[in-house]
Structures are given as structure tokens and as C-alpha cells.
Amino acid sequence: TTTDQTPAEKQQLRIATTTSLYDTKLLDHLTPIFEEKYNAEVLIVSGGTGKAIEYGQRGDVDVLMVHDRAREDAFLADGYGVNRRVFAYNYFVVIGPESDPAGIKGMGPVQAFKTIYAAGESNTPGVTFISRGDASGTHSKEQAIWKAAGFNYSTDIQGNDWYQEAGTGMGATIAMTNEKQAYALSDIGTFLAYKGDVDLVALVDEGDALLNVYCAMQINPEKYPDTNIALAKEWTNFLISDEIQQEIASFGVAEYGQPLFYAAQNDWEKIGVTEAEVKDPVA
Amino acid sequence: MYEIVEGFLEAIRLIVTLDPNVMAIAVRSIIISLTATIIASLFAIPLGAAINFGTFPGRKSLINLIQTLYSLPTVIVGLLIFLLISRVGPFGFMRLLFTPTAMIIAQTVLIIPIMTGLTISALSGVDPVIRDTLRSLGATKLQFLTNVIKEARFAILATVAVGFGRAISEVGAAILVGGNIAAASFASSTRVLTTAISLETSMGNISQSIALGIVLLVIALGVNLAIAAVQHR
Amino acid sequence: MYEIVEGFLEAIRLIVTLDPNVMAIAVRSIIISLTATIIASLFAIPLGAAINFGTFPGRKSLINLIQTLYSLPTVIVGLLIFLLISRVGPFGFMRLLFTPTAMIIAQTVLIIPIMTGLTISALSGVDPVIRDTLRSLGATKLQFLTNVIKEARFAILATVAVGFGRAISEVGAAILVGGNIAAASFASSTRVLTTAISLETSMGNISQSIALGIVLLVIALGVNLAIAAVQHR
Amino acid sequence: MIELENVSKYFGDTRVLDGVTGKVNRGEIFAVIGPSGSGKSTLLRLIDLLDTPTGGTIRVDGTDIHTEHEKSLSVRRMMGMVFQKPAVFNATVAENIAVGLRFRGADKNKIDARIKEALDLVGLGGYGQRRARTLSGGEMQRVALARAMVIEPEILLLDEPTANLDPVSVAMIEDLVVRINRDLGTTIVFSTHDMYQGQRLAHRLGVLMNGVFAQVGTPREVFTLPASREVARFVGIENIVEGVVVSENGTSAVDAGGIRIRARSPFGAGEAICLCIRSEDIRIAPAIRGRRVFDGNILPGTVTSVVPRGPFSKVTVDCGFSLSSILSWKKVDDLNLREGREVVVSFSPESVHVVRRE
Amino acid sequence: MIELENVSKYFGDTRVLDGVTGKVNRGEIFAVIGPSGSGKSTLLRLIDLLDTPTGGTIRVDGTDIHTEHEKSLSVRRMMGMVFQKPAVFNATVAENIAVGLRFRGADKNKIDARIKEALDLVGLGGYGQRRARTLSGGEMQRVALARAMVIEPEILLLDEPTANLDPVSVAMIEDLVVRINRDLGTTIVFSTHDMYQGQRLAHRLGVLMNGVFAQVGTPREVFTLPASREVARFVGIENIVEGVVVSENGTSAVDAGGIRIRARSPFGAGEAICLCIRSEDIRIAPAIRGRRVFDGNILPGTVTSVVPRGPFSKVTVDCGFSLSSILSWKKVDDLNLREGREVVVSFSPESVHVVRRE
């Protein structure tokens, strides 16, 4: 980063992002490159998905980066956002104790959830599921899997003795899962960050249901004309540029021995989005 | 801004309808924070008195240290308690983590410094002649302390109010050692008003957060009125 | 438990090497919280004095209300300020959200109640004869206030210590209106010690959190020593 | 200068002042004397605007001080007050004394000069840099006096200003009070429980009892012609004897429990009265048989006690009722007075002051 | 009972007590008198274990109270103290008085009975339920006395116990002190700046001056034979005249500024001394020419002032040096004494007390 004597001249770009993305430090890795290239200053605030969206809805930021398809669509439909571009994806993991009392290791995610449910309902000792319970992207994903497994979330799942809502961030949820030697759904980045400190393993890490897609959206300039429209576009385009897609794909390999994200560029079919959403620069 | 109005109306609705979910959280908050305040008072008031009236080397440094601990962030308190009571920690065998008991411990630890410090201030304000009079009437150490505290009851109860305020309004420690759990049973849940507020905020439900904040203030008002009633007796 | 030890060592390393990143955060914390404390003092001390010496209907209720506001959770303060200064809020045009100024405002609002309340306690402890003496010497209202405050300086400065402690240790409001931004330039960043601690904690870096907590306490110690130096003059 | 009109002050149900009326003239030294709890401090506090009367009016130079609020500060700045239990600010002695001057915006040189002067006047020269909180009771009192004095108020209110002082300091302060009054023309109102001090200093005194001024007058009037039995007692008349007037030719005679006493009184026959006789006016002689040439009251009696009092002794004689006399130690030795001795007690009708009994 | 051995107390560099030695006997009433700031309060506080002496030893019943810490509480429980500026607890009067008894675990009935009794004794019957903070200065002082008294201490320490009281209350309290001492055998140490009070109450008194007891003795000794000029002044001897002994046959003669005065003195010729003469011992007569039959000192002079003092007047005459006499008002009128009048002053050689000048 170049030290800057006259920061007033620099344009500022404000981004709201979800915690799980921010905590991986991917953005910390990317922003200096952007700042240098566009002589800009990037200000990133992170929060729960709901909070990040709230910032976007109120026009307090220029760009929103989240991973919750349903709410993204609502955000776009309500006219708050435009120009969504998908730049990365990875998979959620179902984590749990090595002893795996419900016996889900190697199952598909939907099957695993069904198994946990059955074990929980039959009071199998040591089977507890900890949910984020905070309406985050991860929590949305978890609810979607329960649904896919044939359960009604609010009537079948919530309120069971073996099902606890942590109501906190991912890190705290992992800590709690570790403490209780329970099961939980986690994003891969946070789990890798915690892995060294906890006695938990990823029991299920494959399956379409675990897909986790990250996108960036520009705040609708028609609603908030004084957002930094130009830089917001630059940022979006920057994320889907070839150079940065490679950075994303290699991020974390050095530290964790495996990548935290996959580049979205060439996998648009696999992750169920249009080609335009991963490739077309914003005009 | 309409969220504030909405929050107010929601708060009124929650209180009037005695919303069972919110009531459970509110009651848990009261139990936890009041217990912590009482336990902290039992430590802090005698400790503050001992420091105020003691003459030992390093007394001034100790007071400075205590004042410094006012700045102890709640998250750090939470972390320390967390490390002590987590499964692999020295007190892990007690299985306290993510229980209301753990939250009481954390809040107690959190407010002891400020309560001790304010107790010292309160007692140092007592007229020296009153202190001499108690001594000359043949007070034992304990009688001396209880009577000086009685004499400074106004300021001491203000200290208790500060302690309670800090306990019930903190969130960092509560969430770390409690976990904001919404379990099926009342006793295994650890969701209190502040952690619920923080959750609602992270979900972007601003008016719900404000409503819960108002519920919390109503509780605090009740506790303060009770304290004031004792104060002016 | 080894995290605590590690945290200590890390804290020492950070302080000894004057780690530039941590130093920037620490300096920002000091600037923000000290400014907030000074501004809050300018409001709270005169206000507390006015309430303590005033005789107006509802005085007792007002004191109760102030004590109640001790319990105002920092998140709620953060939310209210957020609603006011967010772009669609009434002061949105000032573009204060996610700036250190916003954090100063939030912390100021947060600590005004407790500082006012403790000022009232401090002043109510002043010997009535001292008050009468000042009046009989022909003090104007302002002279009366400044002199009573001077007389109660020990307790008043303790109040300032409490206010500073609460400001520098709070995180809820700081993160909501500041955003915990680590920007390239010092002035646009809003990361302070508590928000950094909270971030490190959420990433599972417990010893880094503890190290930052210790840095925070070292700062608080410095401020308290400065206050104590004034107090004992 | 100060007019009190029917001033009353209740604390809840307790009536402390219940219609005090009086007037303090410009340049006068006026003493408020009265028993403990009679409301002396309360009255001074009302004059100094530190408390509000329940009823009545206090006027200073014609201003009704408790209703004309816009003048409060200027009225208060006319006055200086020394409290009964003075409190000092937690600062040096010099800073304590400077406060009033600083309030009035005096400049530093003037303040310093005045402080020095005032400290010398109250006998605390060189104490300027001491922490005021470490002073002894008497020293504090003198600091408080210096503090009120340096502002050169038109009215100085002193609430028992010498209660904590030794006689040498008392003499010094009394001297100072007289000089302030004489040299600066300051009107001084002080309360005291020491009636001799009232007498030494005051031009006039008011005796506060049961919420009102039981008597206002010059010291001599109050001391020689107390208005009531209570005042008589309070001003130190030790011999107060109940009786009934029995008309007689010329001077009246009084029947006191069967014993006839001659006295001058304006009261008619049959009235219940009290005789007040100062101890100093009572003579004691050996019980010599035979008639002595004395146109007064001569009563035989028995000595019941002899107690020292200052350089004198107080001898009490039972002659139907008790009468005390003050004699020098030498006289007591000469007459060989001790308990049980028979003596005669005599006093002139002129030395008897008669008040109505209520 | 209480032995003071070379007790000293410095506050920083200020030497307040600098070697006080003395003894208070069991059952005695001992007065500490001395000027303001002489250390009376400090001494009482040291005895009550509220402060630590810089040097020396204080023994109570043989226990060195400042070193035998394990006995502190029991020593303190032997004593009761009333402070110079008493403070009351923020509670009712009755609760204030109960405190000491509660500390000793007395039962409720006993406490209630004692409180009632004590309140009556100090003249505050019926005040039990009043908030102590609202009492007047004198009332507080009496509550403080009652509070110390109810625990029936073996030693009662009273720091200027009547400084805030009116004469009627003073008499009541003095009476009470004498009765406590007589009926319960309580040893009483009190400080006062009122030497007459010292004399009225104390069996012995110590005059504290310049950090030491300048004199310890019975009131009569101290009053008639003060050990030094300072003590003489302090005990109210108003006429102190400097002179030099001139040897002569039989009684000595003193030269005081050229005027010869006859006095009895133990000092040799040439010694610098002071003559102390009580006002009461000085007579004033009209300046009649011709020799009068009087074997004493007769000095002609001019009246310089006549000021009232209680029921007397103080007449000051210049006869080379100033001499004051105390006369009744009547006498003043009879002799027609006023400023400028020529008179003769007379006093006997026996009434002159001679002290060495230092």
C-alpha cells in the first residue's frame, strides 16, 4: 500500500460484507491490489447477512457482498441492488466429533441431516446439533437442507432438545459445537481457521446442497444517486477479472494446504448461475 | 427513524401482551444480572472498604489498578472465563460453559472492579469525624465497616446501581460464555436481552432490537426504583 | 490456558516492538475515547451539578431515569446513532457513518448518563456547610459550580475515570457506527482495540485478543495514572 | 438596615421561629442570644438568604430579600457570614481566604495583600501555605472569620464566632469585631450563647426564646431589667424567687412562701410575680444576734454549699428559699463559711427586680 | 490510670506535642486547658487511639496502648469520647445513642431504657425520633455526649464538651459530668478553653503550652500561683507587670519602671520578674489627699477606661503602668469613675504573685 499524503483526493469505496467472507481475510488480500490500481481507498464493514443487507438498503455502502441467494434476489427485486456478479464459491461442511455418535461420516448432506434428526429424536447419547440461529447465510443454507430432507424447519426442527440455536457468529458456534461435541453446519473458511484449536472434524464436505456461492452487488444508483457508482462498478469488474479469479482460487493454499474458495469464472454451470453473472463486466 | 417509533410500539406490544418468548429472556436477564450484582457486592463492598481504610504499602497503586480495570473490555473478561471453564480448561470438569452460571460468573468478575472502585470513592467521602466516632465507640473491624457503609448508603447503593447497569447491559462476556442459546428448556437457554438484541441487530431487525432495548430499560428502571426506595429510607 | 500466557507474551512483543498496526489501532482508541470522555465531561459535569443543586419538580424522577440509563446497552446506543446518521437518517447528509467522528458521538452519548449520575453522587457528598459558605461569599451560579466541583475533585475525577473506562472498553456502538474498518489511511480507519479484539475472537485468535486486551489495559493504566496525578494535587 | 417583620420558620411541624420582629440599625453591633436550639443559627441563615422563611418579611435597606430574587446576588454580596461550625475548602489557608475576593474579581496583588493583612489580624500570620484541613478547631474558626472579613461586607453575620476559641483568642477576635465595626462602619449581627460576650460587644441585644424575641434592648436593660423570668434566668440571675404582691405603704411588700420581702414593683396587690436578685447584690454576714441598722431585707439562714467559681466562690444559703451570693475567696475564709453555718443574708429593695409570673 | 510519658506528636515538620508528661488518676476529673492550637485535641485523640504518637508512651492501667495492639479494642472500649465538632450518624437521635451499646451486644430493652434515660439527662427528652442531622449545634453536642455516656466507659474523654452550648445547658452538662464522675467513678479527661470551666469541674488541670504541660496542679494552684507569665495570662490574670527585684528588709521590693512595689517573692535581688495581680484584688478609691492607713501598695493614677463585663465593670487605671480592677456597677457609679478621673489604686503585697521572667 502506498502511504498517502492527500487522502482527500482519493475516492472511497464502501463495501458491506458478511462476516464469514471477511473473516477469511480474502478481502484484506484483494483490497491493496485494487487500491493501488484505481488510486482508491476501500472501506469494508462486515456483519451478519441481515445487517450487511440493512447497510445496503439504507444506502450506507456502495457494494454488498453476501452469500444468501434468496435474500439477494429479494434485494434485487426490491430495487436496492443492481449488477450482481458471482465471483467465488466453496462448500459448507457438516462438522462434528470424531466419534460421530450419529454415524454420518461419508453421507450426503441431506442424508446426514436425516440421520442426525433420527438419532436426536431417539435420544442417542451425544447427538446434538448446534445451529447458527442468526438468520445468516449459513443459517439459511442449513434451513434449506432441512427442507430438502423433508422437514418443516419451524415445526419439526426448532424446539427439539437435541437442536440448539447458538444465535451467534460462526466462530462462536464452532466453539460451542466443540465444547458440546455436537454437530453443526459451517462454512469452510471459518472451520479451517478454527481447526487447530478444536477437536472437530468435517464429516460431510461434498454434495450440491452444501454449495456456497459468493456474489457482489452494486447498490442501485437510482435509489442512492450519490453512491460511488464508478468505483462500485470497478470493484465488481475487478472481482471477476481473470487476474483476481486466479488470486481467489489460490488464496489460503499456503496456510491451510487447501484453497478456501474456488473461482466462479468457469464453473457457472456447476453453481447454477448464468454465464453473464460470472463473466460480463458491468457496464 | 421510523424504526424507533416502530421499536417503541413493538416494545409496548411485547410488554402488554407479556410475549412469552421475550418474558423468558427478560426474566433470565434479571436473574443472571441481579445474582451477579449481589455476588459482586458481597466481594466488592468489603474489599473496597478494606482498601479505603487500610494502610498498607502499595495502596495507591492498587486503587490505580482497580480504576484501570474499569476499562477491561467485556470480551476479554468473557475470554478469560471461557478459557478457565471450557472443557480443556482447569475448571472444565464442572461443565459450566454455555450455562447461565457461567454468565453470572463472568458478569460478577466484570463488575467487581468498578464496584470496588466506586465503593472506595463512596467511603472516602464519609466525614472523618464519623469514622473516629465509630472507632471511639469501640467498634470491631466488622462493626466499623458495616456502620460506615450504612452511613454512606446513598453512594453505596448508587454503586450497586452502576454495577447492575453494567451487568445487564454488557454483551461481550455473556455471548462468549453463555452462547446466546435458545434451547427448549428455560434452564439450558442462555439468551438474555443483550445477546438477543445483538442477534436481532446482526439480522438487521432494528426495530425489534430497539424494542428489546426498551424492555431492558424498563427492567433497569424497576431495579433502580427499588434501589432508590432503599436509599431514601 | 496457555492462550493467556501466549497472549501476555504477544502483548509484550507488540508493545516492545511498537507494532505499527497495533499502535495505530491503540492511538485511534485513545483519541476517540479520550475525546468522547472530554466532550461527555463538558456536558455531564455541569448537568450533574445543575441536577444536584437544582430544586425543580421531577428532580428525583430525573435522577432515577439517569440511573436507569446506566443500563443502556451499547448496541442500542449504537443503533440509535446509526439511525440518525445513516444516509437515510436525518443527519445522513453529513456522511458521518463509518467515521471516527461517529464513534466519538456514540461513546459520548453512551457515557453521559453514568458520568452525570456519578457527578450527582460526587457533589451530593460535599459538606453542606461548604455549599453555604460559597453562597455566603457571594458566588455567582457559575462560581458556585466551579468551586463545588473543585471541592469534590477527587470524586469527579473518579467519575471521569469511569467514563473513560466505559468508553474505551465498549464495542457494540463502536462497531455499529464505526464499522471496524481497516482502511489504508489512518483517518478513514475505524478499527479500535475493542473492535479488533472482537474480530480476532470471532476468528478464533484467542491469544491475539488477549494481547490486544492487555494493550488496552496498559493504555487505561496510563490514563488513570494521569487522572490520579491531577486528583492528588 | 435589617428589618425583621414577623419572621417565622417551620421545619415540618417544628416551629423554630414564630414571629420574630426587630430591627438592626446601620453601623450597629447586634447580638442574638438565646438558649441552644432557640433558632439563632436559623435566623442568621434566613438573613444570609441561605434558607427561606415560612412567613414574614426580611428587609435589607428596604429590599424584601426573599421576594426580590433578581437582587439576591447583590444582597448576598453585601453580607459576609461565619458559620457556627465553619468548614474550610480543601486548599491552603491563603486560597481559602481569597475565595470571596476572587468571586468579586479582585486582582492578584490586592488579594495577596489582603490575605496577609487578614491573617495577621486573626493571629495566623505565616499560616498562609498550610492545608486548611489540618488546622485545629480554633484556627479554622479564625480562618473562616478572615475569609468573611476580607470582602469588607456591609453586614457581617457571625454565628457563635468564638465558640471554639481560648480566652486569649476570644479577646483578640472581640477586639477585631469592635474595630471592624468602628473603623469600617460594618453592621454586625452575631449570635452567642455567652451573654457576657453579648454584653461586651453588642450595642443592643435580642433574646431569642420560644420563637420570638423575648426582649430587645441595650445590654444594661436586658441584664438589669429582664422582661421575664426566663430572660432573667438566661442572663444569669441566679436568685429567682416566686411570690405574691402584698400591698403596703410606699414600697410594696412581697410574700414569698411566708417570708416578707420588700421590693419596688409596679404590680398591684395579689399579683403573682417573681423576684430576681443578682448574686452580686446579696451580702452574707455572720449570724450576730441583735438588730442591725439596714433599711432592707435581712433574712437568717443556713449555708448549704460553697463552690468555687473563677476567682470567687458561690455561697448558697437556705433561708426558706435558696439564695446564692458571690464572694471572694478571702471573704469566704474570713467569714469561715462552710456548709451548715448560720448566717444572715441581706439585700436592698432596690436590688430586687420584679417580673410578672406567667 | 493514664500515664503520659514524654509524648510527642509531629505533623510533618510541625511539632504539636513535644514531650508531654503527666498522670491522670483513677476517678479524677482532669482538665487540659491551653490556647487554641496548643494540641489539646491531638492529645485526647492519642489517648483514644485515634492517632499514633511520634514518640513517648501512653499507658492506661499499665498497658502501653500504642504498642500492645492486641489490646486495642478492649482499651478503646474502656473509653468514650466526645469530639470537639461532633458528628452525628445519619439516623434518628435514638439510633445515634444506641450505637455504642449495640457494638457491645446489649439487648434491645436495655438499650431503649438507656437511651431514654440518657436523653433526659442531657435535656433532650422526647427527641429520640428526630433525624439527628437536623439538630442545632448545641443539641448535636448533647447527643454526642449522651452517645459516649451510655456505654458507661471507665474513661470519658471530652474535647471542649460545652463549646457550643448556652449557659443553662452548660450548667446542666457540667452538673452531669460531676455526677458521672461521682456516681460511677468515671475518670474524666476534658479539654476546654474556658479556664473557669476547668476550675469548676476539674480536680486537677494541665496547662498545655508550646507542646508541653507548662503547669499541672489543682485549680487553686494554677489560678493563684501560675508557673509562668504565659500561664498567668492564660488563666486570666489581667495585670502582669514587668519588674526587677530590689532586695530590702523583710518582704522584697520590686522596681517596676521606676515605681516601687512591695511583694513577697522567693527571688534574689536583681532578678527579672513579672508581677501578677488579679483584677479582683485591686481596689480603687477617690484620690483623697493625705495618708491612709494601709500596709500595702498605694499608687495614684488616672482612669483610662471603664468597660462593662458581666454584672461588673472593668476599670483601667494608668499609674505608670496599666492596672485593671473589677468593680460592681454600683461602685463605679458611687465613685463616679470615668475616663480621666484621678484615683488611687491599692493592693496588698500578699495579692501579688511573682514569677520569673524568661
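We just call them A, B, C, D and E in the order they show up, numbering each chain from 1.
Everything that follows uses one rule, which is that a residue touches a chain if its C-beta (ideal position, glycine included) is under 8 Å from a C-beta of that chain, and two chains touch if they have at least 3 such contacts.
Bear in mind that the values here come from a model prediction, so they are computed numbers and not experimental data.
Undergrad: Taking each chain's centre as the mean of its CA atoms, which one is most distant from chain D?
TA: Here the answer is chain A, farthest from chain D.
Undergrad: Which two chains have the greatest number of C-beta pairs in contact?
TA: B-C
Undergrad: For chain A and chain B, let me know how many angstrom lie between their CA-based centres, rounded off.
TA: One centre to the other, that is 36 Å.
Undergrad: What whole-Å value do you get for the distance between chain C and chain D if each is reduced to the mean of its CA atoms?
TA: 57
Undergrad: For chain B, jot down the residues that touch at least 2 other chains.
TA: Expected reply: 127, 176, 201, 206.
Undergrad: Would you give the residues of chain D that are in contact with at least 2 other chains, written as numbers and ranges?
TA: Residues 85 of chain D each touch two or more of the other chains.
Undergrad: Which positions in chain A are in touch with at least two other chains?
TA: In chain A, residues 169, 172, 175 touch at least two other chains, as defined above.
Undergrad: Can you name every pair of chains that touch?
TA: Contact pairs between chains: A-B, A-C, B-C, B-E, C-D, D-E.
Undergrad: Spell out the residues on chain C that touch chain A in their complex, using ranges where they run on.
TA: Going by the criterion above, the answer is residues 86-89, 97-98, 179-185, 187-188, 199, 201-204, 206.
Undergrad: Help me check something: in the complex, which residues belonging to chain C touch chain D?
TA: The contact residues of chain C facing chain D are 127, 129-130, 132-140, 143, 147, 150-151.
Undergrad: For chain A, which residues are in contact with chain C within the complex?
TA: Within the complex, chain A contacts chain C at residues 1, 4, 7, 10, 12, 14, 19, 23, 28, 32, 35, 41-46, 58-60, 169-172, 174-175, 190, 193-194, 197, 224.
Undergrad: Per the contact definition, I'd like the list of chain E residues that touch chain B in the complex.
TA: Going by the criterion above, the answer is residues 45, 48-50, 73, 76-77, 79-81, 83, 85-87, 89-90, 99-100, 102-104, 144, 147-148, 151, 157.
Undergrad: Which residues, counting only chain E, touch chain D once they are in their complex?
TA: Within the complex, chain E touches chain D at residues 11, 33-39, 41-42, 84-85, 134-139, 142, 160, 163-170, 193-196, 199-200, 219-220, 223, 233-234, 236, 278, 280, 307-312, 328.
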